[in-house]
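Common to both upcoming complexes is subunit A, partnered first by subunit B, then by subunit C.
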Partner chain A sequence: MSKSLGNYMEIITARATDADVRSRSQDGGIVSAAFIYGIENGILDGSIVASAPDKHNPSPVVAITKEDILKARGTKYSISPNVALLKSAVREHGLEKVGFVGTPCQLVALRKAIKYPLGFRHVGDKVGLIIGIFCMENFNYQSMKILIEEYANVSMDDVLKTDIGKGKLWVYKKDGSEPITVPLKETHIFEQKSCHVCTDYTSELADFSTGSVGSPDGWSTVIIRTKRGKEFIDKMIADGKLETQPADLEGKGGIPLLEKLSNGKKEKSLDTIRIREENGLPVPKLL
Partner chain B sequence: MVRVAHVHLSACTGCLISLADSYEKLPEILEAIDLVYSITLADEKTVVTETDEKISIERVYPDNVDIALVEGSVCIDDEHSMALLKEVREKSNIVVAFGSCAATGGINSFSRGGQDPQPTHTAFLPIGKVIKVDFALPGCAPAIEGILNFIFAALEGDTDYMLPYAVFAEEFMDTNGLDLARRVISQSLCMGCGTCAAACQTRAIKMYDGKPNFDMDLCINCGICTFQCPRISVSSTVFNIE
Partner chain C sequence: MSKIVEIKPTTRHEGHTNLNLLVDDDGIVEQGYYQSVTPVRGFERFLIGKAAEFAPIAVSRFCGVCPTAHSVSSVEAIEDACNITPTEDGLILRELTSLGNRMHSHPIHQFLISSDYIPANDMGEAVKRIQEMRKIGQFFVDTIGGEAIHPPNVVIGGMAKNITKEARNKLAARAVEYKKLAEVHVDYMVGLYDKGKFADGTPIPENLGYHDFPLLATHPTYGDRTQLNMADVTETSPYDEYPKEYAKGACTLIPKVKGSLMEVGPRARMTRFSGFNERGMIANHKARALEIIVTIDRVLELLEILNLNGKPRSEEPIVGDGEKVGVGMNESPRGHNTHSVVIDPKGKIKYYNSIVATTWNIPVIGHATVGNHYKFAEHVVRGYDPCVSCATHMIVKDEESNVVSEKYFR
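Let's look at the complex of A and B:
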């Protein structure tokens, strides 16, 4: 339990043991490894993930095989409306146990849909696992395209992977050359404005949340929040699907950094909300 | 026991069917409440008055109803509906607009008269335009899980949980897809979760480049998109997860 990171049971540092999963995953491959584990062990029938065949403008897909999940690995810094597919995952795809991955705001939407399901008949009890990713902000596709093509000077076709970390946007190219970076002070103006009223950095409503901040490169920080989340992660560890190390609770680059970033987002967003109210603009109501 | 009434105005009975769709839960609800009035699910109480000119048989809406679930819009051109709705308000402690026809007008809001068998019946309004409504449950039809959560919260007096329904009754009688777009997208609040698109009962909403696009020819003014959108509101109860 902590105010800055939401309620949780445990924080660990982990990564997938399967090298196939880890290659081309964003960080420790936690999300993909978990969904594959779910399918292979009958805990999940499939998952809603963000797919981007062209690597950039993502849209949600229902992944039911290991291949589907691997195809959707990696972070897309654009909006993938994952909740939009929730009903169809249950109805058209007939899933009884759906895995869901989303940004913090999407998890608020999902938890609201589960608790107030007037428009979600026979769906809520079919959500089998909710994975949250850390998220400071997102970008609409046009913004990301400008950043990659005009700021980093890379053609969209040549992009292998993008990442945000250590104060920079990193653009990795398919030819394996040195990544191009754009300092975040230049990307800020491209952030989606609606992200600035969001006070959740670490997906506080997930079964477990994960992100890179707080752990060494190639590893992920995993915040385990619910009983369901804990059972899932514990099983993965017991079956050798995740290797772990204790989270760095003290170091400057460890959990204190995560807390600092989380508090920073909360303060900034509360400020934006206050300014909107002062200007007579609507804000999401907390009832 | 809590005295519950189901009142049927201008609607298709789909909302009641949605309630009956709870299968094993229905007996549990019927055991937890005293269903004092429901022309579909219970025997009605009638009074018969005989005069020289005619014999009239009228339904009696009981006194001291705790919760009245009103399904359907009210036709303001029909004196019987207007009278019944006002009587329901007077005799019921809590009035619930049950489903979109009652909550927002729903598909009835397209009516312009001229239809059989009552061509003069022109305007069908959300009941909140005529009486004070305490809670509104939009949806065409509202999903059974949502109805059950509401009913059990009402039986337990869980007002925190019920608050969004009170706010919807108060502020969102005129909402539809376009209204949601104006309140959220056109206010830089939409973050593209896609919940509205999933909730829409007519698939009027498609997501393009991470934002909803509304096909207003398909929109039936049910308001479920607005109700579900987390950038309109979120209840504090949503943050309690196990």
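Let's look at the complex of A and C:
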């Protein structure tokens, strides 16, 4: 239990053992590995993932095979409305155990939809696993395009992947040359305004949440929150799909950093919420 | 000297109805008047002036028991009025949605009558089978129709979405499972019906529910507007059919074909298309049970021929000429169901009328109670599985003072 990270049962540092999954994944490949494991072992019959043939303008797709999931590896620093596809996934796709991955705000929407199923009849009970990702803020596609093309001076066609870390936006090029960085203080104005009233950094409503912060490069921090999440991760570890190491609970780059960032987002957003309330502007009602 | 027996309300069916019986000294029914007293909602009026696309969504809300029958009849009627040809795969998907509803609706009626026929020690098993069958039926409507109740995918021109291969495979597997359950269940139910007595041992009179009215059915599983000429159909006031004191409270019109009342429903369909030839109340139950097998066989056939890459919906414009009365017919679980509509050149509804399954059966039910003891009358009602809220059609005026019956406004 920790106020800054929400309710949880356990925190571990992990990465996928499958090198194929890890390559091109953002960090430890946890989400891809979990969905592949779920599908191959019948725990899930499909999942909703953000697919991005054009890496920076993702849209949700229903993945039902390992290949589908591998195609969607990696973080997309732009919005993919995954909740929008959920109903379709359980209707015309006929899925009954859907894996869902989303940002904290999407999980708020999803949990609300499960709890108050207005227009969501027979949907919530068909969600088999909810994975949350760490999310400080998000950019819409046009903002991302400006940041990459104008600020980093890289053509969208040449971008391999983007990342946010160490106070910078990193733009990796396909030709393998040195990544180009943009300081985060320059990217702030491009953030979605709604992110500034969000107090959830670590996807506190997920079965388990994952992200790079708090773990060494190439590894992911996994915050296990529910019994379902715990069972799932335990099975993956037992079957050798994840390798783990104890989470760094003391070090500067470990869980304390995660807590610091999470607290930072909470404080900043609560401030914004207070100011908005004082000015009579709408603020989100969380669960 | 006849007495009056009033059963108010009748139970174990959808909606609110009264059964008024004139009986002789031995309790034998001489005249039966069955009337809907479900309050009028006014769908046919408030649809006027609305966009045509709204009709299937709205009329689906006639009732939550067979919403599919109404949305399908509605889109069929609008397509007829606007000369739209729905796509082949859209029609297959639509029929599957209808049949999914029937796969759930027929078993639920057997649940409603379970205490009349099923011995207490078999009850658990039978109800479990019924619920499993219903679950599969609802899964069909959920997956293909978009929602198990009020399916939104039933749209003018076909269906809003086709399904994926995985969904089809899942549906096919469930259909096979359903057929296995249904074979056991139908055998069991027909066995009970053939015993000639109720669960409490009361013998069932052989002629219970006999009447001489003809049967009306247009298609074994879907609906066919070429099979009934609407020019032959008239709707008369309950005042023409019932004594005034009962007509006053009735909320339905009395539809007739060439001047005759008609029975609709599973027995009508099974008699016309599957060689069934029994009559009476038990025959109604039996036909309904046997029709479950006809339904699931058709479902398996449709899943086989459905093209998953086929276009589910025609894109023809939804505009009418403001004159042509489009007719849509669907064989709903409770029988033949007709919607008629006129669409104007702007795509708005100019006229809407529906004659639904139970509307046909309501006057017939009264007649069918005649000739037997009044204690059996409720069983006759249940034989028709009346679903009354959709049948509700009009507010009856007091003809002398020319005011709308006040009791609906209290």
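Going forward, the second predicted complex is superposed on the first by the 285 of 287 C-alpha atoms of A that agree within 3 Å, B and C clash if a C-alpha of one lies under 4 Å from a C-alpha of the other, contacts with A are read in each partner's own complex, and residues count from 1 in each chain.
FYI, contacts are C-beta pairs under 8 Å (C-beta built on N, C-alpha and C of every residue); 3 or more make two chains touch, one makes a residue touch a chain.
Note that the structure is a prediction, hence the values are computed from the model and not measured.
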item	value
Which of subunit B and subunit C A:Leu281 touches, first, second, both or neither	first
Superposition-derived comparison: subunit B or subunit C, residues of subunit A touched	B
Partner chain in contact with A:Gly128 - subunit B first, subunit C second, else both or neither	neither
Touched partner set for A:Gly94, first subunit B, second subunit C, both or neither	second
Subunit B versus subunit C as contact partner of A:Gly46, first or second or both or neither	second
Partner chain in contact with A:Gly214 - subunit B first, subunit C second, else both or neither	neither
First (subunit B), second (subunit C), both or neither touched by A:Asn82	first
First (subunit B), second (subunit C), both or neither touched by A:Gly38	neither
Subunit B versus subunit C as contact partner of A:Ala109, first or second or both or neither	first
Subunit B/subunit C common contact set on subunit A	88, 121-122
Residues of subunit C that touch subunit A when the two form their complex	142-144, 146-149, 161-164, 166-168, 170-171
Interfacial residue positions of subunit A with respect to subunit C in the complex	45-46, 62, 64, 88, 90-96, 121-122
Subunit B partner contacts - residues on subunit A that touch it in the complex	7, 57, 59-60, 78-88, 102-103, 105-106, 108-113, 115-122, 124-125, 138, 140-142, 192-195, 197-198, 204-205, 225-227, 281-287
Residues on subunit B engaged by subunit A in the complex (per definition of touch)	18, 137-139, 142-147, 149, 163-164, 167, 183, 187-195, 197-201, 207, 209-211, 224-225, 227-239, 241-242
